[in-house]
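In this document, chain identifiers A, B and C correspond to the written order of the chains, with residue numbering beginning at 1 in each.
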Amino acid sequence: MASITLDKIGKIYSGGTRAVGDVSIDIADGEFIVLVGPSGCGKSTLLRMVAGLESISEGTVRIGDRVVNDMEPADRDIAMVFQNYALYPHMSVRQNLAYGLKNRRTPKAEIDRRVAQAAEILQIGPYLDRKPRALSGGQRQRVAMGRAIVREPAAFLFDEPLSNLDAKLRVTMRLEIKDLQRRLRTTSIYVTHDQLEAMTLADRLVVLNGGRIEQIGTPLEVYRKPASTFVAGFIGSPAMNLISNRAVPHLPGTAHAGTIGIRPEDLTPAPDGPIDMEILAVEELGAQRLVHGQTGGERLTVTLPSGVELPRTLRLAWRPGSLHLFQAESGRRID
Amino acid sequence: MKRTIFRNQLLPWLLLAPQLAITFVFFLWPAAQAIRQSFLRQDAFGINTTFVGLSNFKALWTSPEYLNSLQVTAVFAVSVTILSMGFSLLLAVAVDRMIRSTSVYTTLLVWPYAVAPAVAGILWWFIFNPTIGVMPYVLATVGYDWNHISSKTDAMILVVIASAWKQISYNFLFFVAGLQSIPASLREAAAIDGAGPVRRFFDITLPLLSPTTFFLLVVNIVYAMFDTFAVIDATTEGGPAQATNIMVYKVYFDGFVGQNMGSSAAQSVVLMLIVIALTVIQFRWVEKKVAY
Amino acid sequence: MIENRPGLNLLAHLTLMLGVVVVALPVWVAFVASTHTATDFMSGTIPMWPGPHLLENYGRMLDSGVSTSGMPPVGTMMLNSLIMALLIACGKIAISITSAFAIVYFRFPLRRMAFWCIFITLMLPVEVRIVPTFQVVADLGMLNSYAGLSVPLIASATATFLFRQVFLTIPDELTEAARIDGAGPMKFFRDILLPLSRTNIAALFVILFIYGWNQYLWPLLITTSSDYYTIVAGIKRMADAVDGLPQWHLVMATAMLAMLPPVAVVIGMQRLFVKGLVETEK
């Protein structure tokens, strides 16, 4: 186990395209860090640079106290779980788990012990002698994690490991990964584009956009105090309403902000509320409903309890202290 | 293109070394020699060689024998291609109608691929043998006096049949695959539109089969021009009176038997240009083998 | 099939049976001839049904051959053919799979040039460079040797492209997983690539074995010692060499033996054969 330090990491491809720039993250020993962002934000590239699968153009990566920039992936003492699992199709589950240990000349007895232990933890014992193609998606996912566990590495790297599973299984496996990481206390870096997955798994989130860090913080910090309009729009579902200051000029205390953010759940109907919303569409979710509408030419979404008759227009107020203010040009948060 | 690569610089060269060495020694160097020799002329004793520019090529162009060989090659290649592809297409269409017996017929039709062209030549030579062969006996009953040893036409027919026979399996397999890749729904739609089996074949099947047909056309021409050396050598040896002296056979004969190195080399160069043209056609218009 | 027309189905069956007969005819005639004695041909035409001399003719050819012609026994020639075919098939596969590995999994200067060098062999079939290639082999002292029979033929663009195609379909993540698992390039090649290409190798082997066995011009040129005659090239010599009229029953017995191994391979491994044929043309 080890801490991981990324110091001013950058990636420039041979064509001159910049994929990642100026990324610095200090990851504590045993911490679960989630890199989250839309596709193309550089999160996978960043993870692959830590793994040693991409070369590092700028900055340094440390695992423990070793600079690993020029080390082979195998020498970095990391294990990785891939999106498509990357199980060796011609090897049995047991051989898949043992392959990395065999290459490191681990004694046979030790390999057997660790494989048995991983199989026990992940409950894949009955499948040890099957080939990957005879397993279900969830079982393959477990084997892929088993391959990481047996190595007892300094860090786990997860590259969107759940995105090939169906929605229900994804929730189950998400809990299992969280539980597993709590028990093993192995430093982990986890890449996903799914903000819900990011929120539920992370000790700390790193929100990336365009190859740069938008914000680092615990899920609640990021949710409660998004550092930019990008983070505000990306984290939280349904997404935060971001409206131009000009659309609602009569909100007090917002004169210096370019953009005002209000979470849909922070808006409530009030007969004399300052916002006048024309309802355009309603999505029933069961326990609650999402009401979409517009005010002053800006789109707005409100979360309301189900079962109430809705008028054509709604007057809305926000909970005190729930407004997020952002600068006009940079989109950065104003506190 | 692979995203993940290994960084070694020496290892790839070691891995490529055997292939590259053989390519240089047995392919590129001899080809370069052929090109060089095509511009040279040796004296009768093989002692002096002089640079003669394009005169070997000019000599070919005015040689009636070579022009005859070009003509023979064209007639031969076209006949083999049409005969073999036509027959194979007929069989493939018939098999495509089958539901259960497909694999039995396929097995019974694919094995000639494995017969060496030389052996195919010997087999047909034997069947058409003027004194003891089966076919001349049958032909005699309808009044045809078969003799490929003296008749130019008979000789050509013999080598065409032997060469086409060997290629039936190949064409058959590719036509069957081509037919199976045509969605059944298209033919069903045409049937609902009132087209009978024959109409469907010409309006739907044949046009949709055209990529396969074109691919096979090129492959068969290449086969007829270059892989049939053994058929000719095992049967007619280019005769009678040059009637079956196709270009590859003439290169061999002029070079090894006639010892006319300059002319043989010039013929090699012409053949190389033809193969290059055919390869380019194959790669430009037929399925791509390379992404570069 | 869209509509059920018994007439058409019957026609299809008849066409196919005719096809099977046409395809089988020359082999049947050869087989029949190989079971008779020389005197049975004296009547003018050959018989249409097998005679009683099958074992006698084949045994004689395999064992001693046609003694007067200076030809080695067919058994020897078949062994030579087998050695040549195996060397060519294995050699082509070995050098092509390593070449494809180098081209797909490494980036090095002149990589593209190496690729084109291999590609160009497609355009230089042995038939168009016979004389100078013979000269090279003669200069290297490789006439009348198994190396001379096989090595000049084992460069293969087709096989290299086939393996390149196979490797390109293997997911990158598998390579990455192997690298993280501590496998270097050669270990990856041995532990992952080779097992994953197994059926492609087998399919290619079938095609290349037939290709090697059926070589004609090349063995004819470079073997002058009867110790190295191969059966396909030898059969023509035999047809020529037998005094006066060839002893057809013996030549046909040899022809049957010459086609037996590759035909057996095609029929016995039809699935692999078809796969190989289709893949090498992709």
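As a convention for this text, contacts are C-beta pairs under 8 Å (C-beta built on N, C-alpha and C of every residue); 3 or more make two chains touch, one makes a residue touch a chain.
Predicted model only: the values in this text are computed from it and were never measured.
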Once you've mapped the touching chain pairs, tell me: line, ring, star, complete or other? line
Which chain's C-alpha centroid is most distant from that of subunit A? B
Taking each chain's centre as the mean of its C-alpha atoms, which one lies nearest the mean of all protein C-alpha atoms here? C
For subunit A paired with subunit C, centre-to-centre distance based on mean C-alpha positions, whole Å: 57
Rounded Å distance between subunit A and subunit B, as computed from the means of their C-alpha atoms: 60
Centroid from C-alpha atoms only, then distance subunit B to subunit C, rounded to Å. What do you get? 16
So which stretches of subunit C touch two or more other chains? 176, 179
List, in ascending order, every residue of subunit B touching at least 2 other chains. 4
Give the residues of subunit A that touch two or more other chains, as numbers and ranges in rising order. 53
Given the complex, residues on subunit C that touch subunit B span 1-3, 5, 8-9, 11-13, 15-16, 19-20, 22-27, 29-30, 33, 41, 44-46, 48, 94-96, 98-99, 101-108, 111-112, 114-115, 117-125, 127-137, 140, 151-152, 154-156, 160-161, 167-168, 172, 175-176, 179, 184-186, 188, 210, 213-214, 216-217, 220-221, 232-233, 235-236, 239, 245, 248, 251-252, 255, 258-259, 262-263, 265-267, 270, 273-274, 277-278, 281-282
Which residues of subunit B touch subunit C in their complex? 2-6, 8-9, 11-13, 15-16, 18-20, 22-31, 33-34, 37, 87, 90-91, 93-95, 97-99, 101, 105-120, 122-127, 129, 131-134, 137, 165, 168-170, 173-174, 177, 187-188, 191, 197, 215, 219, 226, 229-230, 233-234, 248, 251-252, 255-256, 261, 264-265, 268, 271-272, 275-276, 279, 287, 289-290, 292
Name, in rising order, each residue of subunit A that touches subunit C in their complex. 51-53, 72-74, 78-80, 82-90, 99-100, 103-104, 147
Okay, in this complex, where on subunit C does subunit A touch? 171, 173-174, 176-183, 187, 191-192, 195-196, 198
